[in-house]
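Here subunit A shows up in two complexes: once beside subunit B, once beside subunit C.
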Partner chain A sequence: MTTTTTLFSRIFSTDGAFKAVATSVLAFLYAPIIVLVMFSFSDSRSLSWPIKGLTFDWYLKLFQNEDLLEAIGNSFYVASCSTLLTLIIGVPAALALNRYNFFGKSLFRKLVLLPIALPGIITGISMLNLFKVVGFNLSLETVIIGHATALIAIIVTQVFARLERLPKSLDEASADLGASGLQTFLFVTLPNIKTSVIGAGLLSFTLSFDEIPVTFFLTGRDNTLPMYIWSTMRRGITPEINAVGTLILCLSAILIIISVLMLRDKNQ
Partner chain B sequence: MSDIIQIQNLSKHFGNIVGVNDVTLDINEGEFVTILGPSGCGKSTLLRMIAGFEQPTQGHIFLDEKDVTNTPANKREVNMVFQDYALFPHLKVGANVGYGLKVNGVNKSDRQQPIIDALNLVGLSDKIDNMPHELSGGQRQRVALARALVRRPKVLLLDEPLSALDANLREQMQVELRHLHKKVGLTFIMVTHDQTEAMVMSQRVVVMKEGQIAQMGTPSDLYDHPANSYVANFIGTTNLFSSTATKTSSNQININYFGQPLQIAANDKILTSGTEQIFGFRPEKAVLVHDHRQATNGLQGKVKEVLYQGLAARILINVGAGEIAIDQMLSETKENARLPSEGDQVTIEIDPHKIMAFEQGHIT
Partner chain C sequence: MKIIQRGKLAAGAVLSLPLIWTILFMFVPYAILFVYSFWEKKYPTFEAAFQFGNYFTIFTDPQYFQVLLRTGKIAAFVSFFSALLAYPFAYFLIFKVKTNGTRQLLYMAVIAPLWISYLLRAYTWKTILGTNGILNSFLIWAGITNEPTDIFLYNQFAMILTLTYVFIPFMVMPIYTSLEKIPKNLIEASADLGLNGFMTFIKVTLPLSIPGLVAGFTLTFCLSFGDFIASFLVGGPDGLMIANVISSQFGAALNWPLGSALAIIMLVIVLTIISISDRFERLGEAKL
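What follows is the complex of A and B.
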């Protein structure tokens, strides 16, 4: 931290200039969010500055809007299921990558990571085609599968990175002391990768929760929360949306902070 | 004494590389055996095959007269102390030690006493509730020992157990491991690349070279009667040279050290057919004589370096194209008065019985 500070201050010659730059970067990043949060408490329907009075009405209205509540419910359903699905596939995949050498292993690693780099729109269109060919009807379940393909990369990379830091001798020591493969997994491997699994799971959850492009192509009649917001936005921003945004912001912030804490390596 | 481990014609190939090549070895119950060799000689692979982590390509391993060649590691009654200790980082010391009991279905309440006993054995019962990362290197080593001993395995395997410790602690642990071996009375098989460690700790040393056993025997056997030039050079120091041997009319056997004649006592390893073979003598078996006319079996040379070591001095002497190391004990009465200095012309005298003959070959 200090070295970066000195470096920057040398470049900008004075501390004042550095502070100004730092402040404007942070403002650029966070001003829109702050505006959103403030407008969610504004008592005026029009988004005009300065705010005249404060109210909790939008939050109350939000909880009476059946469509909105249903969309929130759908989003929770999709995010939970796709996270669970990625964990079920991703954790064993990370274990296999770490433990076994097989033909095409490095290619497999790159292919698993590819969906994270692909634009969501490509994933969306290609999966839409696939489902049409196979004859699946579009529903929240197809959205779950779409999200899972992109999110597996996150689980695999995070869990794999943690596994690579675990000495191989731990597995051997466990077997040497008489443990079966399952016992070794439950008593040694899992406790040591637990935090990375939870952390990557939470990150997947937040990413799935606010995902639009893939969802747009793969959903049927049901809407997730970001889709609902997007569709109501065409009729203009309502203070209600600001209130939803604020709630999501709080939830995401909590999940992201937990996941960052979990993914942090305790040894470092 | 019965053999607790019998290794018969054991080989391990990794693709085209031969890790262990046709090793046959019996280990007595209660013995402390060390497998010694440089890195890549196959010693660790041999140990890992005994533990069950590597599947032999050929041959058999018997544990207590039962063929365990195809028995997985978790079903073998041997336990290992790993080079990096491999303590489970998420478990307390007590749980680490009790792990072997837990996975074998011992109740929590029945585990407590053996855990305390094992930790007492290594003097760490007060650390039972600590996490491994709170311990020093030496303490972790002891926890690893306690964990491996808690189920009283038939054989304890130690893979370079002291290599991660600093020099002082290593010497202390060498003694402690010896004591522990006496106390528990189990068979210990240790792998190391450190010849001093092997000599100090074990009853029997197996020297390995390129996947094969170069020689096995007690530490004094290996030092006094090395079977070949490799062992002679690996265990301690030996002045090695090559020469042909010729028998004179008076039944003397003559060899030469870089052109200078030497006599060697008759010995069934000497090849008299005129083939070049390797000879050698230990640095402490040669003495400096100050009057070269008195030397009976002498070599003339020039002192290159004198290395003072307290108890003795090692003197490096150039003799012809060769270099000889000799060790001169420094007794209190003589002080250092008789140590030569660099550049001195000296004569080295060697007892013909102290020159060892080795295999056919050439040393430049």
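What follows is the complex of A and C.
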């Protein structure tokens, strides 16, 4: 017991062991991503080591693949519409939770936040049930409704957190100066929560763009990008998927940088 | 009086859209799901009934019950391994890294993968672990093995590895936050009282970071528990999860009532875990 304790104490006092763990965690996280990118340039159809030659062919193929381009278009359509919807519903929901007391508030809060905790598949199948009951045909529009429902929680949590930190006196001052509720919202509240709205919107867009479980159950004939990639994976793995992946990776990197810049703006 | 009325009007205007949406697309669908779980399968589709047959099947037919157990087991392992990696990492960031800039950079480096497509992160493990995959060809190239082996892919090991990879940021975040909250003077006090670094960790730091660990366990467990993509990519029959069974009930098997009952059970399990951990976290906060 004492020897193990001294052993642990010795490991603990050195930084080396921790540095080793931290390095391996980062390696674990990034090595597969590097592999993904590397093999998008491989000129062999199979993904095996070592890479024999380099090529841009897979990328060129992507731009001639009409199904893929259509799927990308669909994904942009779905992600934009559902993000817009989440903002239209989520911001007032956050406002209501922050400002007003009403009957059934805690139930409302629980329901709105539920999709964050619940596996996407439950949101997917329960909405599939609804659409079947009312006789809706599945389409990209049903996917949009599904994504919006699943992602409202993201907007509500982010915006609500910001509203909580906003002093109530701002509202009172605005009302004292004769502004209506809507004017106060547009000219006082909204500018103050702007970065959290944009940040949450970006996050919602990214998550919608990448969404599978809800889309899987709610889409009709049209494919979104992840669904297209998924159906391609069924047929086997090719560097073409790696090429799509690398492009998505670049897009994600841009979004990460934007969100970091937004965070910095907030700290000032 | 007039002001109150105006307040009510404003509240109504702000609240109406979110409220209608929540009722129409959350409350009603969950209610339908619940009702369906008591219906009956009648070839070729299903019909209204009130019976507990679906629930009975799930708990007596080993086919379903074992999948439920396996899903729990895989999710538990994922949480465990995530914690094993995430805790020392978060500890290193908070207590060992000296400059604030480096700390934030390393933290971002762990969180950033969350922005990268989940599907792609799971897919890349399929390309690494497969029979003709990168690991196998690398081992042959390096002269360690002579022929490709299929032991890496399509089993529970591949599932746990992939899900740990995908969900580990959700373990790092709450642990990091809880370690960050610990006042540094508590640790100094412990050192002043003669405890060495390791004993201070056992007696002070670890107990105070338990809320973070609980939150991390809850997140990674629930996310893994509901996953059906990793299983499709790297799990194989041995790594079949409850979500896969649910989706097949709504697809090929066309047994929506059974699928709904499975979904209700999944929902109850996830909500139970969340409310337990919620209570636990509040308890921890009260102590601090």
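By definition in this document, the second predicted complex is superposed on the first by the 244 of 268 C-alpha atoms of A that agree within 3 Å, B and C clash if a C-alpha of one lies under 4 Å from a C-alpha of the other, contacts with A are read in each partner's own complex, and residues count from 1 in each chain.
Simple rule for what comes next: a contact is a pair of C-beta atoms (placed from the backbone, for glycine too) under 8 Å apart; a residue touches a chain by one contact, two chains touch by 3 or more.
Everything numeric here is computed off the predicted structure, so don't read it as measured data.
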- Clash or fit, subunit B versus subunit C on superposed subunit A: fit
- Have a look at where A:Leu177 lands relative to subunit B and subunit C in the superposition and call it first, second, both or neither. first
- Reported in degrees to the nearest 10, the CA-centre angle with subunit A in the middle and subunit B, subunit C at the ends is 90
- Task: Considering only the touch criterion stated at the top, classify A:Ile257 as touching first (subunit B), second (subunit C), both, or neither.
- Result: neither
- Mind working out whether A:Leu54 is in touch with subunit B, subunit C, both or neither, as first, second, both or neither? neither
- Going by the touch definition up top, name the partner, subunit B or subunit C, that contacts more of subunit A. C
- Please indicate which partner A:Phe187 is in contact with in the superposed arrangement: first for subunit B, second for subunit C, both, or neither. first
- Message: Contacts for A:Lys19 in the overlay, against subunit B (first) and subunit C (second): which applies, first, second, both or neither?
- Response: second
- Query: Does the superposition put A:Ala27 against subunit B (first), subunit C (second), both, or neither?
  - Reply: neither
- State the minimum pairwise Cα distance, in Å, between subunit B and subunit C in the overlaid complexes. 6
- Item | Common interface positions of subunit A, toward subunit B and toward subunit C | none
- Name, in rising order, each residue of subunit C that touches subunit A in their complex. 6-7, 10-11, 13-15, 17-19, 21-22, 25-30, 32-33, 36, 85-86, 88-89, 91-93, 96, 106, 108-110, 112-113, 115-121, 123-128, 130, 132-134, 136-138, 141, 165, 168, 196-199, 201, 222-223, 225-229, 233, 243, 246-247, 250, 256, 259-260, 263, 266-267, 270-271, 274
- Item | Complex contacts: residues of subunit A adjacent to subunit B | 167, 169-170, 172-180, 183, 187-188, 191-192, 267
- In the complex, subunit B residues that touch subunit A: 51-53, 72-75, 78-80, 82-84, 86-90, 99-100, 102-104, 133, 147-148, 151
- Note on the structure: The subunit A residues in contact with subunit C across the complex are 5, 8-9, 11-13, 15, 17-19, 21-22, 24-26, 28-30, 32-33, 35-36, 39, 46-50, 88-90, 92-93, 95-96, 99-100, 102, 108, 111-112, 114-115, 117-123, 125-130, 133, 145, 148-149, 152, 181, 206, 210, 212-213, 216-217, 226, 229-230, 233, 237, 241-242, 245, 248-249, 252, 255-256, 259-260
